[in-house]
């Protein structure tokens, strides 16, 4: 039972602090014989990397990942894969004020109370920097998925920034890669650019909602009752820094529906059952239906802002704080590749679990 | 790694099907020396029991819990506590139609595809009946909490039925126990009674949102990064039947806030830090702040309804289905004690984890 | 993390006390579609059942196992299988003396010190009665093995009673079922009968060594480094009551060998590699070779004996104790089916793990 | 569930191959506030380091450990501690022959069959080099133990080399540090030096038995039934490379004893119960008694020897092999610090588990 690990058979354990010498992840249980090299992971890391636009933190990190074990002559060996990224742009001087004061809305105070010691430089272990390793692990998962679930496509995108939601009638998959917000709505992207730039200049920040879709997952993934696929996706997403809400399918709005409206009717297609709608988000009773798996999560605004906020010091003195570090005006942007990575890891893990217990799906229709 | 278990040190594993001979739960890791008898658990089970009002299923189950192990001369021994409830009112005849057809919105089809066999009687393992054992386990957790975290109070209530939300200005804690919906808003209770009765008579059902508050949890519970307190609460609630969304604090609405609005300012009170607001829902960086822990989850409408819905049979024929069993028009009502129970188990589990790794909080302020 | 569970994917959790209302086991992760009924388990339970000869405890327990969940219409459903045996012949009066005194060599004193409460009736949770549930779980494992590893045969037998070892030149597989000691050496069986009868009459007891062989396990089961097949077999056997030593292959005697003598040479047979000897006991680097898996474990003598032994009371008074209950003169006899069951569970668990991570063996020779 | 991890609350996960860029270990769950620096771990690593005498492999590794996370300003933070050692003296050329042939008695063939790929350089993941990280992790455990169980002393030593056992009447604790075999019997050390030198020169190797004693462990550590302290110690030791047998207390010889001889009588001392003997090895019913915890494990001879042995190639051709690498004539020597480290980790883990579930021992005597 490791508190810094997730997954059952494809198990990811991360370590490292924002401004320590390095961060890393170990992946245990990866199937052998999968072609893997650092460049494959770099592709995904580059999407999460800070400093790529004015809408993300200006910290400059190359985020060059090294594979230290578990790969031999270009393929996975089935033994633990250790990934590591050296921290390079760690300006400790930026964080002097934080050593003594607790940032409101930040883990500073809870880490202090619990542990009596904390690496305050850049948030230490509580920093969103940890999510780089999730993205790297997700990159490994994607390589395994290529052979194990070849039809699977996982795509994340932003559907809301602050109070501004996308217009679903503008939804265009190709648009996602064409704007700095990973949003499928070109019009929203244009409006958000103006909105966020103003917030950024005022030293403020804002939250966002990310949606992730997994298309092509086979039916049968998941398990009753506490390892339901939706439970594990919810846990995976809620564990991402700053996430405060998670939804599957209709999510919180499921409360507003009647049973008649909510039940996705079933008909028979040429290749098996077809669902006439997808309120369920692709999961029934904790097990995938074969439809798109759809989830959303809400990312709160960065708590490190330039506006002075009331707080206290370690000695209990009341004071104010301004966080001068290089922070994300909307950390939700960089949460998009993180969300995708978590979904990739969870689905692969359940594919392995499924293969372990069941082999292949045993029920036939028709 | 058990798929039907949750918790680390206070570990709950449930078993049993809706219409099998019995359902049960084992609790491993319970501290010894805690006074425990079946009547203490019965108190909580009676709140979840079906058939107590016209707003819940008319299935009649005494839900009498037996303690089969782990208690000697009235106190827990530290060894596994096995709880069991015999199923008594299991009318198998009600479910003949379901043996061959898949109910839209239900786990019927996914269980069939995955396992190739399913106990279709009442949903078998996927039935909400399983939640009775969560409530029983929560009852055990509450007895341990009495000595370990004496000030802790956990209370759940309904804040939304269908599209109808409570008016927070009517919030009255005492009202919760005075209406069949466990809602703190008397006016909402009156309106919902009319609304739900009409839905019930038309054979339809509706969703709901439940909120649970834990007051008096000490600061310091939780852990980075994948065993965050909010992660584990989210997983615990998402694992409840029919839940499709989970929120901590501001939840999905955290996306709409700016960093300035979201950061709960800190001042110094007579007994330590005081937060001037609680957007965080009592958890920062995955660790409790000492404020109220606030979460919400959305329960979808029961999928077993009297309106005919299109579906298919095991042999792939298109057909319609009406589910004639005795079902809940708003299963969210009975989810209230279930949500409370899950929160009790998670908080106790983290209290034990905290004691194991840390002892007591090590950081002092002032 | 449950302290009363073992296994990864085929996970067994037991509960219950010797003289409580019942004992039981939950099996989570069992593959679906396996024919299973109580009578199949009863076969194995009857081999471990007390009171079958004068060489085992005279306690009379029918040990009738019930299947309470996880089986529907005669086949496993993939959900938790709950097994239960009601305790019937629980004479609490026999144990009055033990409530206050600690039996030397028994868990009485350690349970008391740790928990401050213990079910002293028959040893409570520490009783060898718990092993009945291991045998039942092993029976489930054997039914799964029939389809998953059809060639596998698991056989346990006694190779030493007290200082008296079998003569390996007398080894006869058919003899094992023909004497009350499950020994393959008919001559040893005759001698042990006299030896043990004398010990029994004098109220004394004695230890034994059990050997278990698994023939027909495929190569490739196991994993580096902490889930080695030999590690898990050792843990499984060491967890059996009264076991104090475990050996794989040459075991402790491996220390006496040179590298030249120990290395099992390999040649090429018609169906793949053939090993010219089996010092390794069928496991190299934690992974099965395809040879016989051979292990042994030593069972200490029952500590409940009629000879007076010095001890103390809960209030710290020095005294003597005679344990008058109905105990086994050589509890090693009944450990034979228990050892077989543990081996069956571990091998099946690793078969599922292997299928989960690898699918089927990926390396070919020739 | 990680296959390369052990421990519950103090959880150690290792990674890395013998001739890869580095090896490492992550420790999750370490209590915060413990002074820790690399030099403290180096002390223990230097004892296991190869090339320190002619009786160990002549591979030259500095084994300089780095702490990459989890320590801030000289104390542990409670977050994962990542330890890493760069491999420096990795002569890949030595291993050309092994790429194609399987060494008898080695994991070569099983890794190949299972995974279809293996890092053959120096045994890759199956190399004893992995044990360096156990020693490093044990070093961390020892620093925590200093504050948590201040009286605990853990000491390992060799009691048998090949067929030659020590004479217990020569036992001298101080002698252990004074000879290259870590044996308490000076006379045995002298004899073994001659014996092993001859074996070494002939290119042969030999096995050994190591004993580890933990003095000063409090009573109450451990748990029924599958997390017994002896179970976990057995698993920890059996997971060490080349170990084939594990014993607690009397071990395999417990089989030879009568109940009368085996039961350690109890009397009352000034500070609580006193046991008049210690056949149990300090553990009853899986829980520590407060006596010395005594265990032994047998290490088989190194399988990499200079004598030609029959084997086959990957293409199935019969051939012979001589392993020319730099190997240990008695790898048991370097297993001494490894065994100590595993015992330290297991005892600390159970101390944390005990504190989590129980707090402090609840039972009083007298």
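Per-chain numbering from 1; labels A, B, C and D assigned in written order.
Here, a residue touches a chain if its C-beta (ideal position, glycine included) is under 8 Å from a C-beta of that chain, and two chains touch if they have at least 3 such contacts.
Just so you know, these numbers come straight off a predicted model, no measurement behind them.
S.K.: Report which of B-C and C-D is connected by more C-beta pairs in contact.
M.R.: Greater number of contacting C-beta pairs: C-D.
S.K.: Of all the other chains, whose mean CA position lies farthest from subunit C?
M.R.: For subunit C, the chain whose C-alpha mean is farthest off is A.
S.K.: Mind checking the centre-to-centre distance between subunit C and subunit D? Centres are C-alpha means, answer in whole Å.
M.R.: Once rounded, the distance between the two centres reads 26 Å.
S.K.: Using mean CA coordinates as chain centres, what's the subunit B-subunit C distance in Å?
M.R.: 39
S.K.: Could you tell me which residues belong to subunit D and also touch two or more other chains?
M.R.: 1, 3-5, 8-9, 14, 29, 32-33, 78-79, 114-117, 125, 224, 353, 358, 362 - these are the residues of subunit D that touch more than one other chain.
S.K.: Which residues of subunit D touch subunit A once you look at their complex with the stated criterion?
M.R.: 1-5, 8-9, 11, 13-17, 20-24, 26, 28-29, 32-33, 66, 68-70, 72-73, 75-82, 84, 114-119, 124-125
S.K.: Quick one: which bits of subunit D touch subunit B in the complex? Just the residue numbers, please.
M.R.: 1, 9, 29-33, 78-79, 224, 352-353, 355-359, 362
S.K.: Please name which positions on subunit C make contact with subunit D in the complex.
M.R.: Where subunit C meets subunit D, its residues are 1, 3-6, 8, 14, 102-117, 125-126, 130, 160-163, 199, 204-209, 219-220, 222-228, 230-232, 234-235, 238-239, 244-268, 273, 276, 279-281, 283-290, 296, 298-305, 307, 309-312, 314-318, 332, 353-354, 358, 361-366.
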